[in-house]
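Before I ask anything, let me first share the structure, which is written out below as structure tokens.
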Amino acid sequence: MIDPLTLNFVTETMKGFGTVEPAGKNRFRITTTPDRLRDAIMHVQAMLGCDRLITVSAVDNSRTLELHYHFTGQHRTVITIATGLSRDKPVLATLSDLLLPAGLYERQIHDLFGISFTGHPSLKKLVLNEDFPENEYPLRKDWKPAPGRSYGGTKERREPL
Amino acid sequence: MTEVIIPIGPQHPALKEPVNFRVVADGEKIVRLELDLSYNHRGIEKAAEQRDFIRVLPLLERVCGICSHSHTTAFAKGIEEIMQLEIPPRAQYIRTIIAELERIHSHLLWLGVAGHEIGFNTLFMWTWRDREAVQDTLEEMSGNRVHYGMNEVGGVRCDLTPAQVRAALARLPLLEERVQKYVGMVNEEETMLLRFRGVGKMTKQEALAYGAVGPTARASGVACDARHEDPYLVYAEIPWEVVTDTHGDVYGRTCVRIGEIQESTKIVRYCLEHLPEGNIRVATPKTAPTGECLSRYEAPRGELVHFIRTNGTDKVERIDIRTPTLANWTSVAMCLTGQNIADIPVIVAAIDPCLSCTSRITVIDDREKKKNAITFDELRERSRARWHAEERS
Amino acid sequence: MSVLSEMLVNLLRKPFTILYPTEKVPIPDSFRGRVAITDEKCIGCSKCSLVCPPQAITMVANLREVEFKGKVLVRKKKPQVKVFRCIRCGLCQRHCPTGAIIVVPELSRTGTDREVVVT
Amino acid sequence: MTGKPGNWSQRLVNWARIKSPWITIFNSGGCNACDIEILACLIPRFDVERFGILAKGSPRHADILLVTGPATLKQASRLRRVWEQMPEPKYVIAIGACGAEGGVFHGLYHVMDSVDSVIPVDVYVAGCPPRPDELINAVVTCLGLLAEDIAHGGKEWRQKKAPVSTDTVNPVGEVPV
Amino acid sequence: MDPLLLFIYIFLFPGFLFLFAYALTFEYLDRRIAARMQHRVGPPFFQPFADLIKVLGKEVIDPDGVDRRIFDAAPLIALAAVMTAYLYIPIVGISPLAFEGDLVLVLYLLALPTILLFVLGWLSRNIFSAVGGVRAVTQLFIYEVPFFLALLAPALMAGTWSISGIMVWQQQHLWCLFLQPIGFVVALIGLQAKLERTPFDIPEAETEIVAGPWTELTGRRLALMHLARDASLVCGSALVAALFLGGPQVPWVISPAWLGWIVGFILFLVKTLAVLLILSSIKVATGRIRIDQLNRIGWKYITSAAIVQVAIVLAMNYWWVRA
């Protein structure tokens, strides 16, 4: 069993990729920009021994759409790599070739937040039903279902007898 | 024989939950498969942003009917971390007891379902019969067989009476004896060995690369266990071990689960015997300060992660639930290629999928990097049309 | 062999089955079953309807005098629970200040009319 | 093939119908707890085979459809199709709070809120999840209904008695806050 | 035999009426034994009858684009084949229809339902049915060979192709169960496979292909097919009882003749029930194997066991029986 990573070590290793700050017990967050994200992740994998992707979380903080990649490894420290995308045109190159499980998380985020991942092998509707309206992203903060509007699934509604 | 496409699901006897695979098979061999799992999406994450901490717990509990306690504990634990609350030891112990009982019931359930998948209904009957003892204990302690409603932010809702502790302790020896029998059965019963051994193989490297979690990964020799990596509740202070296995196939996953039942039984016994006195909850503020937390929890099926962000109100700003089954699907797709049609249920069941939380993915065949068109599948009608087309050609 | 021996033992043993309608399945005292409301105790504070996750409780108009902590209050509303929407979470019981609404260890009903309510 | 209890053969069929209800389970987006409790009815503790109840994989063979869950938008059309595949006479039991009114998921943006808005439901069961004995009660209620329907010459009489609601508006929109 | 007796024999007792009653009883016992072994109560005695009647009364749904006539006819033919086969099997004493070579006819008739099941599955235009149908014939080719060989051994030993003849021969010598234990085991396994019961329920594996060829069958078609299945269970056990356990032949002479018949009939019941008990235990104690595993095991072990048995019989014939 390897010892947990320390803040100093992480800061030292990740210099040049963004700010490093502790975020809770045994967890560090590295905030970086979208264009450096891929390098940062490869660096984390290679230099910090983070061989497991825990999950990819997306958050809408009303200004930007944040993406958080959570990693861990033998050392049991969680490293979160965070980045922000503009809400108007959220586009990011896919990481599903680098991180195999990320393909699924990306499709889910695409559905719920409307972030497009360029280069993803099949960025299709996944969580929502097939006839859910386009350009409606339920987990965005400003989204509310419009009363009386159809969100799909209605054509199979029970016919009045 | 020409390639046939067999639609499995959304309503299929092997899987009680909706899932849709389209298996492309050449004779009895699977050439590739297309998965479409999002039949159970209900929008819980959105609703969780709109309900306060009291009302959100029953909702999160119902993400999943098997690991209901896992979700509430993961959430409560996360909020408590943000609020910087220390919950009383008695509450911690009670949470652990329920969590481990849940693990026992879930693994017994799994063993039965796995038996059922290979047509060995007798095993299903027997394990589920014994599972009733666990369910009775849970019902006595919490008031419901499945959705225990035990947790609240700041502690647990009901205390254990000495009578309940005694009753639970009294049921454990029987359970241990029964589990010992299952160990024998799994190793002796020929048809089970035939169906489990060498099926759905996954190496340690693959398990890591495809992000497998829980018993699926542990059966391939990856000792990942959130209880060990990020100890919560009382796992840091009580004796227990991570169960691993090196077979890497369905047989290995069975062994890990049975081993975990035995381990969990020990934990439950230890906790019941060492239950500290004291309060079962602390007073909690109505609102949580701005903060965020990644709450990791080892659910029966693997690591469950709640990513919680709060904003100073009595509701969360965002909760992202990553369930173990979701993490395991990529590896399943990998395992299935090249196997027999008859093995689909076993392999899929071997990760113990509980799809109500996970139903949202379409797995593409990563290995061949092939894009599989996942079209709207009009279940039977569609497959019939395919069948016609293939017959004609 | 353990399978065979277990089978034969079972064949000779009395079945494990509870013959349900004739024999009752034991229900523990802690079981959260049907919601029951004691009308005399309810002070109409609406707390239960606020915490109820599926919003199964609606407050309906009902004028009545109730005693609470030695004082007599006039309440305007009383709760009404939709039986088939209740998820038996017990939160109403947990948050009711007077213990007027409780979940009792009894089975709820089955039926053809889903609008059934408990008042 | 529901007929008035006249000749002996019809009476025999009616008797058999009550004695041999085969079920099929459909999860329309619930949390699985209800499904597990249904399976728990098959196990030695409750053993519904005593009543002749068999769980069948093919809806073609089933008499009673047990639906769990609040009917998510995506499952609604599948639910409808499974129901259509069942041969008459068929009955539907909506299990749990979800099946009746969406339960804890009532008003979420991706659910229909009740099974009843997709297919006609005959019996509701309260609980979340109902205990297995409550599920047995539900099937018994359903069989009682069946007997009553037979006595009135078919299922239609009940529908005539109580016309179903004819709303076609999507319930989405009233998200509870 | 005079026509009235023959009529009674064919249609009432021990003919079709008894066959149906006994088939339903068999299904009941099968389910009941399985239930008890699984530590539960099991269905009431009228259950198979109620199921049959109910299914008969259900709506018949035609899958799109199938030939209705074949769909209607196939279950009938299957049932008729099993019923015909049944008439040649000795139930109370020697069957009046017996002729030299009826064993071959019976075996052929008993294989018919499986082939019809395949036809149904293939025609259903349902993918599950089609796969199930293909699995059914694949399985047929695997188990039919050892099953034939295993049943051939008693015939070789007795030097006759008539079931009754073999029975009489056993009467004079010894039960084939003791002479050919390997053959008996192979015959039981073959029977289990023929009836598509676990571990050989591959063609209708519920968790893999819903109900295989049965998926699209509804109403009376399902009922008839089911009845044919139950009847073949009776026929199969009766056949094994006749070939290996001496059938309804009473080992000592009882007069008057009718009493001997009754005793023989009781013996028949006891022996078939014993066979059923074994078959049910196999069903309860095992899981389903895969078709490729069946293929391997079938050819490697079961068929060779059957061949070994035949060889032993030939040797025994040479050294012992002829001597």
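Just so it is clear, A, B, C, D and E label the chains in written order, and each chain counts residues from 1 on its own.
Here is the rule we go by: a residue touches a chain if its C-beta (ideal position, glycine included) is under 8 Å from a C-beta of that chain, and two chains touch if they have at least 3 such contacts.
Everything numeric in this text was worked out from a predicted model, so none of it was measured.
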Notebook entry, point to check: Shared touching chains for subunit C and subunit E?
Noted result: B, D
Next item on the list: Show which chains lie in contact with subunit B and also with subunit C.
Entry: D, E
Notebook entry, point to check: Which chain's centre, taken as the mean of its Cα atoms, is farthest from the centre of subunit C?
Noted result: E
Next item on the list: Starting from the mean Cα coordinates of subunit B and subunit E, work out the distance between those two points in Å.
Entry: 43
Notebook entry, point to check: If you average the Cα atoms of subunit B and of subunit D to get two centres, how far apart are those centres in Å?
Noted result: 27
Note to self: Can you work out the whole-Å distance between the CA centroids of subunit A and subunit C?
What the structure shows: 41
Check: With chain centres defined as C-alpha means, what is the inter-centre distance between subunit D and subunit E in Å?
Finding: 37
Item checked: For subunit D, residues contacting two or more additional chains -> 43-45, 47, 50, 57, 72, 74, 85, 103-105, 107, 109-110, 116, 128, 131, 175-176
Check: Can you list the subunit E residues in contact with two or more other chains?
Finding: 35, 37-42, 206-207, 210, 284-285
Checklist line | Where subunit C touches two or more other chains at once, by residue number | finding: 3, 7, 15-17, 19, 53, 87-89
Next item on the list: Would you mind giving me the full set of chain pairs in touch?
Entry: A-B, A-D, B-C, B-D, B-E, C-D, C-E, D-E
Note to self: Going by the contact rule set out above, which residues of subunit C touch subunit D in the complex?
What the structure shows: 15-21, 24-25, 33-34, 53-56, 82-89, 107-114
Next item on the list: Name, in rising order, each residue of subunit D that touches subunit E in their complex.
Entry: 1, 12-13, 15-17, 19-20, 22, 43-44, 47, 49-50, 52, 54, 56-58, 60-61, 63, 85, 87-89
Notebook entry, point to check: Can you name the residues of subunit D that touch subunit A in the complex?
Noted result: 72-74, 76-77, 79-80, 109-110, 112, 116-120, 159, 163-164, 166, 168-170, 172-175
Margin query: For the complex, give me every residue of subunit C touching subunit E.
Written below: 3-4, 7-8, 10-11, 13, 15-17, 19
Next item on the list: Name, in rising order, each residue of subunit E that touches subunit B in their complex.
Entry: 34, 37-40, 64-65, 125-128, 130-131, 134, 198-199, 201-202, 205-210, 284-293
